[in-house]
Structure formats: C-alpha cells, structure tokens
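One structure, pasted below without further comment.
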Amino acid sequence: MTGARDDVLVCDNIVRRFGGVVALKNVSVAVKRGEIFGLVGPNGSGKTTLVNAVTGFYPPQEGRITLDGKKINGLKPYMIASMGVARTFQNVALFHGMSVLDNILMGRHIYMKPNPLASFFYPWWARKEEIENRKKVEEVIDLLQLAPARDEHVDVIPLGLQKRVELARALCAEPKLLVLDEPMAGMNQEEKEYMVRFILDAQEALGLTVLIIEHHMDVVTALCDRILVLNNGQEIAQGPARETIANPLVVEAYIGKPRDAA
Amino acid sequence: MAYFVELLINGALTGLMYSLVALGFVLIYKSAGVPNLAQGAVVMVAGYAVWLFLSWGLPVWLSIPAAMVTMFLFGLVVERLLLRRMVGQPVIMVVMLTLGLEILLRGLVPGILGSAPKSIDVGIGFAPVIIGDVFINRTSLVGGIVALLLVGASLLFFRTRLGTKLRAVSDDHISSWAVGISVERAIGISWGLAGIAAVVAGALWGSSQGVDWTLSMLLFPAIAVVILGGVDSIPGVVVGGLVVGILGSVIPGYLDSIVGGSTRDVVTSLIILLTIMVRPFGIFGREDIERI
Amino acid sequence: MPALVLENVEVIYDKVFLAIKGVSLEVGEGEMVALLGSNGAGKSTTLKSISGLLGPERGLVTRGAVSYDGRPISNMGAPERVAMGLVHVLEGRRIFGHLTPDENLVAAFHGKSSSRFNELRDQVYTYFPRLKERIKSKAGYLSGGEQQMLAIGRALMTEPKLIMLDEPSLGLSPLLVQEIFGIISEINAREKMSVLLVEQNAAATLDIVDRAYLIEQGQVVMSGSADVLKSNPDVQDFYLGGADHVDYRNVKHYRRRKRWLA
Amino acid sequence: EEVKFGLLQDFTAVYTFVTGQYNQGQRDYLTLINEEGGIDGNTFTAIVRDTGNQPQRGIEAYNRAKEEGAILFDFLSTPVSAAILDQAGADARVVITPAHGRGDASDGTVFPYIFPMFATYWAQAANLVEFMKTNGGGIEGKKIAIVHIDSPFGREPLPILDALAEQEGFEYQSFPYASPGNEQSSAWSEVRRYRPDFVLIWGAGGGQAVSVRTAIQNGIAPEQIHSVIWLAETDAANVGPQMKGVKRFEATASGTELPIIQRIQEKVIATGKGSGEEANVGNSYYNLGVATMAVAVEAARLGLEGGEPLTGETLKAGFEKIAGYDAEGLMPPITITAEDHQGGGAGRISEWDGEAWVPVSDWHAAYPELVRKVIEESAAHYGEGN
Amino acid sequence: MFYRLSGTFHTNYQADRKLWKIPADRWLVLTVFALAVLAPFLVSPLYLGSYVLPWIIWSAAALSLTLLMGMAGQLHFGFAAVMAIGAYSSIHLVRAGVPFEIALLLSGIIAAVIGAVFGAAALRVKGLYLVMATLAMQYLVDWVVVNVPWISGGAHATLRTPAVSFLFMDISSLASRYWLALAWAALITVFYLNVKRTSFGRSLVAIRDKDFAAAVIGVDPFKTKLMAFFTSSFLGGVSGAILAFCYYRAVTPEQFGFNVSIQLVAMVLVGGLGSVIGSYLGAGFVLLAPIFLTNLIAGLAASGWVPVSQNFLSHLPLVIYGAMIIGFLLFEPLGLAKIYDNIRKYFLVWPFRHARS
C-alpha cells in the first residue's frame, strides 16, 4: 500500500522498539493533503515515538514511511526537514541564546546556504540572502502576532509565547507537513483559544497539512478532521474525530468516565 | 613469556594504583555530578598531608588516619567555598572551576610546604616479590590490594540509603532539595570521601616517587581509567584501571625500544579517544537519558 | 488556624526581574487550595518562595514574609523546610532519572526506621499501583503519567503536612488527569494533608479544591471559595471556556481585555 | 655601581626539584660578595622571577629585567632559554645556561652571548662512560642501558653515546619512559632482561628516585647505576638507604667544608642574611648555584679590569678571560675562551655513601675532542635554523 | 552622555543588521582601532613587545576558540595543539620556499583539516566527554611533535622562524610584527562579528542550544559541527603561525602544551563565552594579570613589605591565576564582557537606572 495521491504522509506497519519495550507495534496511518490529523492516546502510548519516527529521530525498525510518495525512513532528521516536514516539540525546544527574531529566522535555514566564507564577506555575499529571508519571516511574525516580542530574548518570554515562537519557526520553513506535539500543554483556556486560532489561520493562509498530538479533547474535536488513537503502541481506533472519541474502547483506555455533573 | 607475565602483572597493579586516583573522581561524580579535574591535585595535597604528619614525628599508622581526617575536612571546605555556588551551572563552568582549583592547589601547597620532592616512607619495603623470573613491585602490590578493598567498600556504601541519596543528588540538585536532601552536605561528603581515597593514593604514589606537584599529573591516567570504566561506575574503576594499566605496560614494553619514545601516554590518549568514539559512556557508565 | 501564610511576598530574579509583586495567601490545616493564573503569572515562583528553591535560579525574596505553623521560614534552607513538613512537587516532574522508582522513594525518605519506610512505600504503591509494575526500570524511561505519579509518591515519602503540586496534570491524558486529581483529593481527605495546587486546568481544579487564588502578572487579583470563583463571569470566560463549551473555530479574533487589570 | 643579574627561573613547573636550592645558593653568594664589599665597589643585585618554564612569561620577564638594567640572565629552563637565545644575542646580554639549554651553545663562535660554563650533557655522558671504562674493568664488549625521560633532554646523550660506542666498542640501548616518570615498571622489566653491565639514568626530579628504586627492585645493583647531574640529596632521602653506591656526575663539589661555603656560613647565614633554609646550604644544587655566581662574579671582575663600566659586552669579555678559575676548590678549574663557552667540560663522578656524595674520580674532562666535535656539528645545524 | 540610544531608529532590515548600530559605538570602535594602529609610536618597545603584542595575538587565538566554544558550544581543551600545528606548518612551509602569505594560508588549512579530526569526536559526544577527547588529542599532538624530530627540529626541539616579508613589508622589526598581528586580529574580529549575523553563525548557535531542534529545521549537525571545528581551527592555526613569526620567533613544543590550552579556555571564560570584546579583555586579563601581580609582589618583597620566601613568592602567580579563574566563575560567570556590558548599559539608559521597570 502506498496510499492515494493526495496522501502527504503514509506510515505503513511501523514497528519501533527500545530495548525490550515495543513502543510502536504495526502502526499504519495516512494523512491527506490539507487536513488536520489528530494523534491521541494515553501517556506512553507511543504518540511522540511515532512522530519521532516520521521526523527521523527514532527511525522505525520495521515498516515504511513515505512523504509524497518518497520513502523517508532511514533518512536523518535534517534531510527529512529539508524535504518539507517541520515540527514542534512536547517540551519547548527553542534556542536559548537567540532572540525571538533569530529563532524564527532559523526556520528559514533550509532556504539559506550557511557558509563560513560567505560570512566572512558578509556585505557582498550574504547580505542579500539575509534580507530576502527576513521578509518571509516578518510575514509569519505578523500572522502570529509576534511583533511586540520580536527583539526579546526567548527565555524571558512566557511559555505560551514560546510555544508560538516555536510554531512560527516551523511555519517559516513553509512545510508540506506540520507536526505539532502537544502545542497546548500547560495552557489555560484563553491561551488555548488563541493557539487554535493561530493554527487555523496558518493552515488557511499557507495551505498546510497538520499532524497534531493533543490531550485536550475539546481542542481535538474542534480542530481535527480525523484522529488516530493509540494505546500501548497499537491502534485502537481511527476515524472522524467526534465519533472516534465516543468509541467505548477509547473512552475506557483514554478518556475515562465523564465526571459527575454535580 | 615471563617478560609478558611480568608486564601484565605489574601493569595490572599499576593500573589499580591509578584506580586509587580514579576512585576519588568517580566518588565525586557519582554523588555530586561534578567532574573533578582537580582530583590529581587533591592527591598531591593528600601526599603533602601525609608527609607533614610524618615529619612531625607521627608514626605511619597514625599519620595516614590523621591525613584522612584532614582531607575529609578539606573536602568539606572545598564544597563550602566553591562547589556550593556552582549548583546548576553548565559543565564547562564546573570543569573549569575544578581546573582553577587544581592550579590554585598546585601553587598554594608547594608554595607553602616547599616544592622540592619530599620523601615519605610508609614502611612497605623495597624488595620485589619474586615468582620465578617475574618480579612484582611491592608498593604496587599493596596499592592494588588496597584499591580493591576501597572499591569494595565504595560499592557497599552506595547500596546504603545515604548512598542512594548521593546518587539522587548527582541526578538533579534541585529536586534533591525539593525532597529534603541536603545537597550541600551530600556534595561535602562526596568530596570528603574522595579526600580519603586521595590519602591512600597520595601515600602510595608519594612513597614511590616522592611528594611534589607532579603527583597531580596522575590525573591523566586516572581520566583514562574513568572514561573507560564509566565516569559514574565504581566497578568501572577496577576494570578501567586494569585495562589502562595493562595496555600502558605491555604495549610500551614491546614498542618503546622500537619507536625510541615512550608510548605510554599515547596508549593512554588512545584509550580515551577510542572509548569516547566507540562507547562514549564507557564500559559500565550510565547513558544520558534524553527524551525528545 | 492557617498553617501557611504568605504576606506580601515579592520575588526578584537575577537582581533585576520582578516576578511576583506582593503576593499574600493562606493555606489552612487540612485545606485544599488552588492557585490559578495564566502563563508566567508567577505561580511557580510563589511555590518556590515557599519551598525555598529560588536560590538555584538566582531568585530572591526581597520583601514580605513566609511563615509556616506560626514560624517564619524565609531564612531556612529547602531541606529544613521539608523537615518541617512542606514539600514541593516540581513543575515538569523532575524525578531522578537514573534511579529506579524504588530508589527514588528511598532517596526521599529521611527517617531512620526501616519499618516506617516500608509502611510509607507500601502506601505509595497502593495509591499508585502502576509504579510497582515498573519497579525495575530506570525512572527516566517511565511515561509522563508514571513520572508524575512517582514525583507525587516521592514527595509523600517525606511525610509532609502540606504538599504543593505544580501543574500535576501537565501533558497527562484525560483519564490520568482524573486519576491524579482523584488521588490528590483522597490524600487530602484521608491523611488530612493540606494541599496547595497550581493548575491550568481550572475546570477540574475548581471541582476539587476548597478555595482558590487567581494570580495575574505577579499579583493576586481574586480569591475566594471555589464556588464563588466558578460563578464569576471573568473566570468563566478566561479559565473555564464560558458557560458552554467553546466553539474554537469561531472564537473572537481580537484580544479581549481582562477586567481586573487596570 | 649596582650590577644586576636576572635570575628568571622556573620555580613552579618542571625544574622545581632544583630551582629552590640552586637559586638560594646563587643569591647567598651574591650576598656574600656584597658583604665583602663587592667588586671594585660594585655590588650585585639579583632580580628573581618565576617563569613557570613558559616561554611567554620568560620573554616578558627578560624584557622587563633588561629594562631594569640586568646584564646577565639565568633562566634555568631549556624552553625559555631557547626562546631568548636570539634576542639576547641581538641585545648583547649574557645568558648563562649551566646544566640546561643547548649543549652546542658551547661554541662561542656561533653563540657569542651564551655561556653553558659547565660540562654540557654531552660532556657529562662522556665523563660517565669514561668512568665506567676505567673503574668498571673496561668497557669493550659491555652493555649499557640508558633509561631516560622521553623528552629532548632525555634524548640529549644519545648522539655522543653513538660516537663513543663506536670508538670504545661497547653496546648500548635506550629505554624511554613517559614524563614525569612516576611509573617506569615496564621500562625496567625490559632493562633487567637486557642484562646491562652499567645503567645510565637520565631524568630529573621525582622520576630519578623512581628510576633508582625500580632499578634496585629489578635486581640491578646500586653500584651499576650512574646518573646525570640531576640526582641529589633530596632524591637520596626519597629512595632511602638502598641508594648507597649509586653514582652520578657532578660539576661542583657538595658539602659545607669548602672555603666559599664556609664563608657563606659565616658572613651570610650566621648573620641572618641567608635567603632560604639553612639545611640546604652545602647541598649539591645549592653549591651548583653558588658556583654559577662565582663564575659570573669572576667574569665581572675580569670585565671591569679594562676600566670600563660593566655592560653586556664587557661582561662577555670578562667571561672569555676566565682561566683556571676553580672557586676555591668548589669546582674544577675552568677556562673559558671565545670559542669554548663550556669552560672545558670537566667534572667528576661521586658516589652516595648513605650520608653524602663522595667523589670517586678526579676533576677532568673526558673525550674532549669527541665532545667538541658533537658541539660543532650541532652548532652548524643551528646555523640552518634549528 | 555620548552613549544614547535615543534618536537612533532603523528603517530597513539592512540597518537593523549593522555591526555597530549606535553611532557612538562606531566612533568608539574607530578610535580604539586608530589607537591600536598607532601603538608603536605611543608605547615603549618594552610594553609593545612584551604586553601589547602578545595580548593582540592571544586575543586573536581566544576569538578563534570562542567561535567554537562560545558560538557552537563545542568544548575544546586542546586548542594549543591546533595552534602548534599552524605554527609548525608555517615554519616548515616557509623553509620549503613557500611565500609567507601563502604559507600562512596553507598552515591554517592544515590546522583546519587536522582540527576537524578533533571535531570527529564531537559528533558523538558533548560536554565532559568532549573535554576529555580533545584533551587526549592534545597529548597525541604533543607526542608527535616531540617524538618526530623532522617536525620539532631535531635534538633540541627548537625551530627558529626564517626571516620573511609580508606583502613586500619586511617582518622583522617589532612594529611591523605588531602591525601584522594587529591586522590579523582585526580581520578575525570582523569575521567573527559577521558570522554572528549570518545563517552560518545562527546554525552554530542552534547546534549549541538544542541540537535536535536544530536538526528538525534542517541543520545538518555533522556538517555544521565539522564546519565549526574547521573554521575555528583554521583561525587558530593561522594565529599559531602569527604567534610563531611575530612573537616567539622560535618554537618549542612547550609553547603549545596542555597548560596553554587551559590558559586559552580561561581567556575565553574569563572574558565571557562567545563575546568579542570578552576575548580581548579575557586574553589581556589572563595573560597580564599574573605578570603584573608577580611584578607588584616581587616589588613589595624586594622593599621588604611582604616577608615571604622566594618559593612562596614564585608560586603566588599560580595561586592568583587559579584564584582568578575560580573567582570569575563564582562571582561573574558571564565574564568581563558582562561587566563591560553592565557599564555600557548604564550609560545607554542613563539617566535612568534600569532598562525595565
């Protein structure tokens, strides 16, 4: 199975082991172009591992991953990135030594040709490239309303803003596939609402395909077209968000009984 | 053949003598998470301490315990003055701090007590142990046995509750505090213990080469030992010591006269390099757990 | 009689950054109190000022007083405060990754008696049976939820009278959030242990606590019993997602203004 | 007039084993001369600095002392001396390199301002070999093991041993050990199996004590062991009673019975003007230091004879006028000429008797032509930039 | 004051990325540079030759190292060995008849290639292990230099630098040697500042801060780290050659020993990791502070003020040097650059006291 032509990402029978632990057991999934696909499941069920397999950090021991029909498992993370996959991390992974602007500029890395010699002769060689990419970055900054924080150092801004900077960095790469690992962890209601808005705006503006891991069920139902539910490294359900979440298997393993109203 | 056996045995014993220095390093790393590049200098200070007590006329059996007490206190003081403020700092800062300490000690102690080599006699005697055509160095023999005893004691120590607490401290200072472990005291204790190990190393090495600042150069082979064995592994100290000692004896034993230079440090350097390339965390060392 | 009292506490990081500006709060004996607020409001900082963990982050209580059981504790070291019965479960779990779960518990026990130790340990394992299954593996490889359980269990080993929890639900699945919240209530009810809970998940939190403080930009802006707060329209808007479920796809696009901020 | 000598030495790194006592001797001797009224009314001042064996700091200290007016320098550090060599020549300042530095600096035609003054390492090796030959029952067909530290200094005697082996028909093998020499067991295991008739140890500091110890532990008799100049009382104390019988080369006599040392005891030490521990007075390295200054002061005296004030040039000229000077029996008579800055290269062998170093041969230079040849060859090499 | 931000706005991206955004800063830099160029006429040969010249060269070396340690976060405790490779190659090349200008370049490239091998270790490990690996390589290079007479220059292991000229200027007088060194230091400085504001510099910082996050936006860690080692070693190698030709004029293995590597790291740290101004301040401080203090204390001792033994006196610089490193790490871990920055900030926001309320 290679998937239909409008599948951006296809994972086929992925297996990933860590020593004795089997973190992913024959997981298959296909993400369609332009959709927002949710990945949910209990803690330790292998969501992040699956995402890490896709982005090349933990290459799967078995199975096949294709991006737009091209096989990508076995490739190094940076190669996969340059093929158009961008992601954010469960624990914010920004570059602490840089300003917000430089962090976002880093997102343009694949479009730039870093070269010590070019740096040496900056005014003649590298300046044009810098300025062109800067324009693109400013667009994203506008989109995500990051302008006021542009020149701040990333570690002094609040976590919510940091997550947004991370999103901006990923968007700057103009990816085919955007992977978000718990973008709303540790946010309150208000911040969650903003984040959802940004994701939707970005998807609309850039025509993205999104793969998102999230534990907030209200967000998942609101955002995702389809979801995959993992448990113990195995698929227990897949399908449109609302129906799948109501699936008794999912409720038992993941959601739990609804709390008493009283 | 006898030649080979002799190189092997003396190498192994010398290696265990390195383990004495390395043990101090591991004790501190395992319980405080601090890579102590001043351990060579600590051994030097310990050697001077033993010499000082001997020169005051104390007998050996008293001088060494007295030096141990001194060095334990010394460890506490180092923690108090220096390490306490380094909690949570990046590794380069800590490495450099210990190097600064090593430079400071190397200036201070010989500066005050004199820099010409001092002799200490711990009464081990001179004559080699002779088995067939194999001559075994008596000091190294004693050193090897003591090293094994100390390593055994350290192993038992880390099984105790206090030992577990020290390991917790090396993992995460802040959460140790949060659950009520006194990080300061733990680090102090680990430096104190390393000071005690240093006394044994200083006394034995000092008795064979004299006490002067060159004792601090034992750090280099000791580093090879800990890298090979694993920076936080007590059994690794023994295995690392044996390998570093044996290779550092056998290879130069056959190669030096051909090359016309001493290859021991080359062997030591290569052990460090190859270990890091092939198995960065050494034979028994723990890996960094990095979850993405 | 309140066990913990904060009076007008001010904390400055790095000698320049004013993180909380005059926070006052109280936690009574056996009471369960929540501290709510958006990202970077200063919740964690408040907890650290109570547990004495500001030092390593170069923070300092520059004004105000913290007292526990009627004794001022501002000048005590963190271990001393733990000995008094105050324990802090840090944000982001921070278990001892290289130790096994069992050794994590050993490290946190400070008594002499082995039988007491066994008693406490058994109790932790009855609260968190899951930990017992993973007893042999390094704690660093446990899943997020398991680590959170271990962090709470570890804190219980110090025999606390007041336990402070910093975002225990962060990144946990809905089922686990329920479970953890259940256990927290249980501990509170059974052992008469006071609880100070920092949370983003306001809905779930207000269900279990007696009282809550709302903290914004380093100041307490609102406080009261859980029911009173729950019915406050602002709280509903910003923390509970309005009276009904939000329609994320249609949330307003402009920044709403918080009424309590001048 | 105040004559300034720059004693910019290594007190803290490689030469710690010697510098303390050596420098003490140097300063005590200068104090003695000043106490005795100086030379023609000129007094002597020592500018003392530590260079830590680092060229960097040596150059700085040199420039500074030069500015302060020093006309003679003693660095007691091979790398520092090497770094200053050319500069000192250009500045016309005298550099003495007793028992360190380049042996080929003995060629005054190539190194006009450098004065090794005493036997170079080559002369020392030659002297030791000659002693083995005359006192060890001939050397033809015998085997010498040279156990040396693995550094340029340790390899220094090898060229002359090559030449001597050919000439005298003996065999030798070199056994290097890693610096600083705190552990030499594998080298000595090999030496034992080589079954040498004589052993030559060539190291410094703690490594020397380890050499002697490990040698004896490997069944080599103390009588077989011969050492370069760097083996002294501290090492004997370090090794212990087993050291008895070990021989070494010496360029100066040790002990306090010598007239100069007696005078120092009387006029410097007894009056509390000594610059260090009294116990060191008369030790080998102390006396070596005294001897260096004795020669330097003698050179100053001769340099002043022309009636001109002392400068680098006049001091150099004074050095080259030294003839048959023996510092009242402290050392062999030395004669320095414009060609020969080594001063003849004489020395003798002494033996540790458990208490002190007792001479077992007379002052003399061994194989002077051969040594000279090596010096000249090497000096020519310097001309090529090495 | 002259140091004001007010009235300085940037209206395009180009201006925003200027090296010295504040006019006052530009003037300051120009003035300092002019003074540096005129130094041979302003200070005595003693000071020029034994303080200013080595300071400039060590600053260049510290800058080369801080590119690697500060910007790319790769710890290197064997940088003296890299400089040694540059120094020895340049001398052998010149002796083999290669023109000095090209020899400098080639020696940099040789150092860079061998230095990149050092970097190979960095691909697997970081932190403490990298420290150990580079330290081991330092020992290996030392051993090779000492034990291969062909490299070290025979029995005495001393090589003198041949007389050379640079762009038709004879490099033998003190002033000309100084100018060459200064030109090199200025070049490295501009280079370093440019690197900071281009994608190359950012990718180095990215690798330092979060290597996996860097990988996920397409930075090849292997290539980037190697490039960092390569570039930094190139600069270090040329600095080594400059050190040999402009300052020592005779090289011995001890000039590039392990303690020199430590000293370089100390310069970088005392100055402030990754900072340009810090490299200059750090080099100056580490190099000169012990010397000045020794001279001071020796002076005091000579005048009978401090009655201590010569032995102790001689060990004092070591004590001071060690204490200085410790002191900085404990009390100002961000180094002299931070102190400088604080002073500068004070004037920037003057007359207000804090940047933020």
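Should a chain be cited, it is by its letter among A, B, C, D and E, assigned in written order, with residues numbered from 1 in that chain.
FYI, a residue touches a chain if its C-beta (ideal position, glycine included) is under 8 Å from a C-beta of that chain, and two chains touch if they have at least 3 such contacts.
A quick note: this is a predicted structure, and the numbers were derived from the prediction, not measured.
Touch-path distance (fewest steps) from chain D to chain E is 1. When each chain is reduced to the average of its Cα atoms, A sits farthest from chain B. Centroids of chain C and chain D (each the mean of its C-alpha atoms) stand 73 Å apart. With centres set at the average Cα position, the gap from chain C to chain E is 48 Å.
If you average the Cα atoms of chain A and of chain E, the two centres end up 41 Å apart. Chain contacts: chain E has residues 146-147, 212, 311, 314-315, 317-318 touching two or more partner chains. Within chain B, contacts with two or more other chains are made by residues 106-107, 110, 114-115, 260-261, 265, 292. Of all residues in chain A, those touching 2 or more other chains are 57, 89-90, listed in ascending order.
For chain E in complex with chain D, the touching residues are 46, 49-51, 54, 95, 146-147, 152-160, 162, 247-250, 252-255, 259, 287, 290-291, 294-295, 298, 309-311, 313-315, 317-318.
Note for the complex: chain A touches chain B at residues 48, 52, 57, 89-90.
Against chain C, in their complex, chain B makes its touches with residues 87-88, 161, 164-165, 167-168, 170-182, 286, 289, 291.
The residues of chain E lying in touch with chain B in their complex are 69, 75, 120-121, 124-125, 127-129, 131-133, 135-137, 139-140, 143, 146-147, 212, 262, 265-266, 269, 273, 311-312, 314-326, 329-330, 333. Residues 11-12, 16-21, 150, 173-183, 185-187, 189-190, 192-193, 205-207, 209-210, 213-214, 216-219, 234-235, 237-240, 242 of chain D are the ones that touch chain B when the two sit in their complex.
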